[in-house]
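Multiple structures are listed underneath, in structure tokens.
Here chain A shows up in two complexes: once beside chain B, once beside chain C.
Up next is the complex of A and B:
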């Protein structure tokens, strides 16, 4: 037992729980060694970090084993920390908020229970990875496409529950959820939406069923463990048209966002567009030392060199259109017409048609290429992201860029930012890349992060998702009526999880027994 | 005090509550006379019905008054029944499930707090009617369109909360909700989503905020009173193209639904399509006696005469496309191409372009024309609807038609049915029209309704919404794991509403104090 337990966790109770877990799910499904603990920890944490250490992991293979694990956790009062596959390294990987929690790793519950090509939906368990589902669709020749996050080794269910985003018209992943099976902290199994009927034929068709809608309550929460999820998939399009574009000057984003926002609202554009800075490109294909070896943030003239080398602008993006080629041609004409009054620059068009070989970096094919960013500084790299949500408003977005840029400079961190434009909001992903073993750098990264939270809060923008280290800090920014929503969440938490065993601290929601101490 | 109180309601406590209400919100905001009780009752109920009688109504004008009303209801243990405007007559109007409840009528909280043309969203109070919002948009020349139910004298908020449907791409009204302000039964005010931040600038932009998503929990529920709602509106389209079509034979719906379903999934069609039978048309423009005066359901040869007179098929529908004319032309070509292999029949095309006069029955202009259906039998008409949800599958839909048709014949009620096709489900609206004063007819209508519930349940289809009389019956059909979802809802109900004062029985959810007695 190398891991440092939080003072709230009783070592003997933990020990009993681990023995009981072994009896319930087998020795090969309980992981307790120092190596195990390390592999379930925050792999991007600064080297000297001692927070968020798991004491063990348990990996049930079935609903019944999952229920047994939760029963034991209740009996012994041992906190579990649920992960689907635990691969979201930028937000803490598999590591728990509360040190000493046992990671409840669902990666062995990985059955693809149903894929319905006609209704374009699937029913899957949380351990199913994007690669698994992709391979299944390929092998079975099912003409459906997934929407993927840029880094795709994680869980389909986990990503949707954490409100991940992709680049197809199905890119708001939590919005594609249709019906769940959930094990409540006390062990009872509930099915949501139309699945609440025994022989339901519409579980994956109709989200709501009858009465209150629960699906979104199990997203980013610790109210239950999702054991099955219905998810909508996109019929394979006849064609994809990619329109590549860049804005040369930082301030071009003002008109650019406004034009893109209007196109999206008019339903001419129907998928997310991510606008990123040059380091976003450079960090995928090179290391920092190839450009600059000075301290502090990379200066403007180096950024200019990146733009020249890759032949890109200050802001770079691709619009992607999916569907019948005749529709896409029409959409492309309207998009060009909307850009024409602002710039003579032309879009670079790339077509793909069904039957043609799938190009590299197609948005529906899983890749882990984006892991490259962590090599930016060399050494043992890591990153974490601060992602506030903003209105689709060019002026506000430009001001956010200026404010954020200044903070990166102030703390000497290379500016790496992007805006993912959805239907009515932009997600401003600010990536903070560091070398885990460079204490000075990780200290500055942490200070930068805190400054970004405060700045955004002052400006009225809240983060939608965050690293385990900042869950309380972000939850505290949601301060309307003395944090009324958080208090409501905690009342529900205490109702559903009276022993406080499930993912304490997730999204800043603490069960009663830890609450006072943690504030 | 003419109304018959449920035995659970204490007459003296009610009396004290009414006095306290008068002190808190003024005598002119509390309605207690027999005429008041009648006007808040179920206006389509059979004449001899004594269930669902309100004892009074109270109409707060502000958040503070609303909180005061709820405080008093808690003090006196008097149940309130929330309605926004109480105009959904087919489902019970303003009447409460539990007789003796005081109707909490929010129609005086009717401020349009914000309409943002660029973000295409509004923030409104529950008393705002579709006519109010329409007039506001017209007067302010704001280029946004609402999505409307066919009968539009009700509340915008109330309709969305009850998961109403319209005929634009924004036709799934509950899905357009973005952020709420809610008064919990204990009086505390919570804002959901991004609105949980004090100075939030994205309350109407981003649905989820951080952590569990609550908006859908306040739909069709009695967990709180929605005092403000954010709702997305559609930018006024450049054009509307209506494609009228009919299927001559009942069995044509098999291929018809399958073709429409595929078009919808391919995003060539992007709004709801309602397919209806001839009586649906006849009941708008004529009375039954003009066609037939026999007992029992109208026979096939009469239906044939309706088809001839109105020059329609057995199944009739319009596809509506909204947007840039060049896009609509392209969509129309693809739709025609999809129909061509099945039928030589042509679509009747009607174009509308921005700037042209708005035609009668435009889908974004409120109307109450559809009230005409209740004149079908003459006398004091009424109707109620049974609306199960089905997969978009032609064969299943045809079988549902056959089964339902047979039941209407069995109970001698004129067959009036329609299928509203959404993205992945169809709502099968079965309207049961009757003369309130014809006891034999209302008895048969009731028996038909029960039979339809049972048939659909056996087939695996659940209703998404229902009349106050059938809320328990529908809730009981959601029977997975011994009604686990309902039991979960009731646990949350008891947590949030410890005195059981808010809309007892809504969606079959009863607070503890009434639960045993009501089962």
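Up next is the complex of A and C:
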């Protein structure tokens, strides 16, 4: 067996579990070879990918098979690591926190159970990919749009459970969840929200049902395996208006964010706006060596060349408005009026109307083109993301830019940063891009990441999601009352998962048996 | 238009993405590979950098040995990650290989 087993995993118990899995789901659904282990490890791991290498993967095809796998894991005390499609690139892919865990890959539970055009909702299994749901909506001519992450290779359910983001008004994906079916670590099946009623006709309409609402408890947690998810979809809009704009100077982001924040709060603007630097554009269409072959972070004069070549600013963004053209025209007028006192620069307007050919990179059409950024250095590229959440406040965002920029320069990594503005917060996505096979570069990338965590923590900003390497570190930054929240999570974990088999270490939550051994 | 089917009827229909009907190698190639390897996509861009435009679109190539395709799919190559057997089963990979290596 090639994978390094964590000391907490008993090799004989693992081997018994693998045989039992084969009996329960078939030999063709249990993968144990060294090639399989490598394919399920972190595809973007900096340097050594065996740190988080699984020992095997198992792919149940039905709820019953899933329950059987969980029963066996409990009997043998073997940890599973749940993924829906496991394309969590930048955050660890399909790889587990605890090396030697068995990946519970739900790719083959991939039925689209229902799409209700009138209620604008769907009920799907975790293996349904963004492409699958998109193709289904197209082929059945269902006039609903989904919201997509900018790389759409993954799972609709997995992405929503990790609180992913997209770029339509439905872009806060975890907020679109309406009802789930969950297999608890001990194997019991629960339906949340209105689905708790046997003959419920409102499972995908009403999130809360009666009593406490549990949906969000299964996001970014290891409290259960989601086997079905209800999700709201957006009625296809009559038109989309894109308003492209840039800020030439770094400090323009101060007034820019304040103006956008006001528009966002008043819902004149109702989808995420991502403000990004020139390398974000350059890395999509070119490689670093075409610009610069020196060591250290790319210097300002080269960034200036990128701005000239692509005719862009230092900060670049597009506002997208969705709906009836009459509404969009009014919204656009209000947006332009809000910008006018600060700058004479005009927006570049692009209209799209229903029936017209859909342009490349339309936000409701899946693409994986953005994965190109990892090709920046050539070779086996990779990246991790440090993404703290900030208030919508121009001055704080500018200060964060200065702070992170300085850190990228200090560790000699190209500055690739952006701010995605939601209704009441901004996600500061700091991409750390490296060549996986360059040990010096990946060491610097790790040091940069640590420094960014500490700086943001000091400034009062916590990450919303993280890579498997940093789950404990991020959980530690949520430190009110001596980590009371982490202790609550641990108490819930011990209650629901007494044998500690489900995704140990997810979001820094370790079951009792691992906590004791860790100490 | 199909979407005006009564909701109750619609909810009786379920759609299994990979098991519905026997799927052809070409359809599998479109679903699983062409997302990166169609014209203008990132796999094609990477191949055109490495091998030139004329060898950049995989399903137009006539020089792909079956074993090589299998190896690259399972092991990855440069920026292309390995594809798991959960994502593309061995049987599906056989059909894709057959499609890519058939005389054309």
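Heads up, the rule we're going with is that the second predicted complex is superposed on the first by the 513 of 519 C-alpha atoms of A that agree within 3 Å, B and C clash if a C-alpha of one lies under 4 Å from a C-alpha of the other, contacts with A are read in each partner's own complex, and residues count from 1 in each chain.
Everything that follows uses one rule, which is that a contact is a pair of C-beta atoms (placed from the backbone, for glycine too) under 8 Å apart; a residue touches a chain by one contact, two chains touch by 3 or more.
In this text, all values refer to a predicted model and were calculated from it rather than measured experimentally.
Counting the residues of chain A that each partner touches, chain B and chain C differ, and the larger count belongs to B.
When the two structures are aligned on the shared chain, A:336 is found in touch with neither chain B nor chain C.
Of the two partner chains placed around the shared chain by superposition, chain B is the only one that A:481 touches, whereas chain C remains out of contact. In the superposition on chain A, A:206 contacts chain B only, with no contact to chain C.
When the two complexes are overlaid on their common chain A, residue A:249 makes contact with neither chain B nor chain C. When the two structures are aligned on the shared chain, A:118 is found in touch with chain B and with chain C. In the superposition on chain A, A:439 makes contact with neither chain B nor chain C. In the superposed model, A:289 makes contact with neither chain B nor chain C.
In the superposition on chain A, A:28 makes contact with chain C only, while chain B stays out of contact range. Residues 118-119 of chain A contact both chain B in one complex and chain C in the other.
Against chain A, in their complex, chain B makes its touches with residues 118-121, 163, 169, 174, 178, 184, 188-192, 194-202, 204-206, 208-221, 223, 232, 235, 237, 261-262, 265-268, 270, 323-324, 326-327, 330-331, 333-334, 389-393, 396, 424-425, 457, 459-466, 474-475, 477-481, 483-486, 488-489, 491-492, 495-496, 507-509.
Contacts from chain C toward chain A in the complex involve residues 1-4, 7, 10-11, 14-18, 31, 35-36, 40-42, 45-46, 49, 74-76, 78-79, 81-87, 89-90.
If you check the complex, the residues on chain A that touch chain C are 28, 31, 35-36, 38-40, 43, 57, 59, 85-86, 89, 93-94, 105, 107-108, 110-119, 127-129, 131-132, 135-136, 140-143, 153, 287, 360, 366-369, 371-372, 374-375, 378-381.
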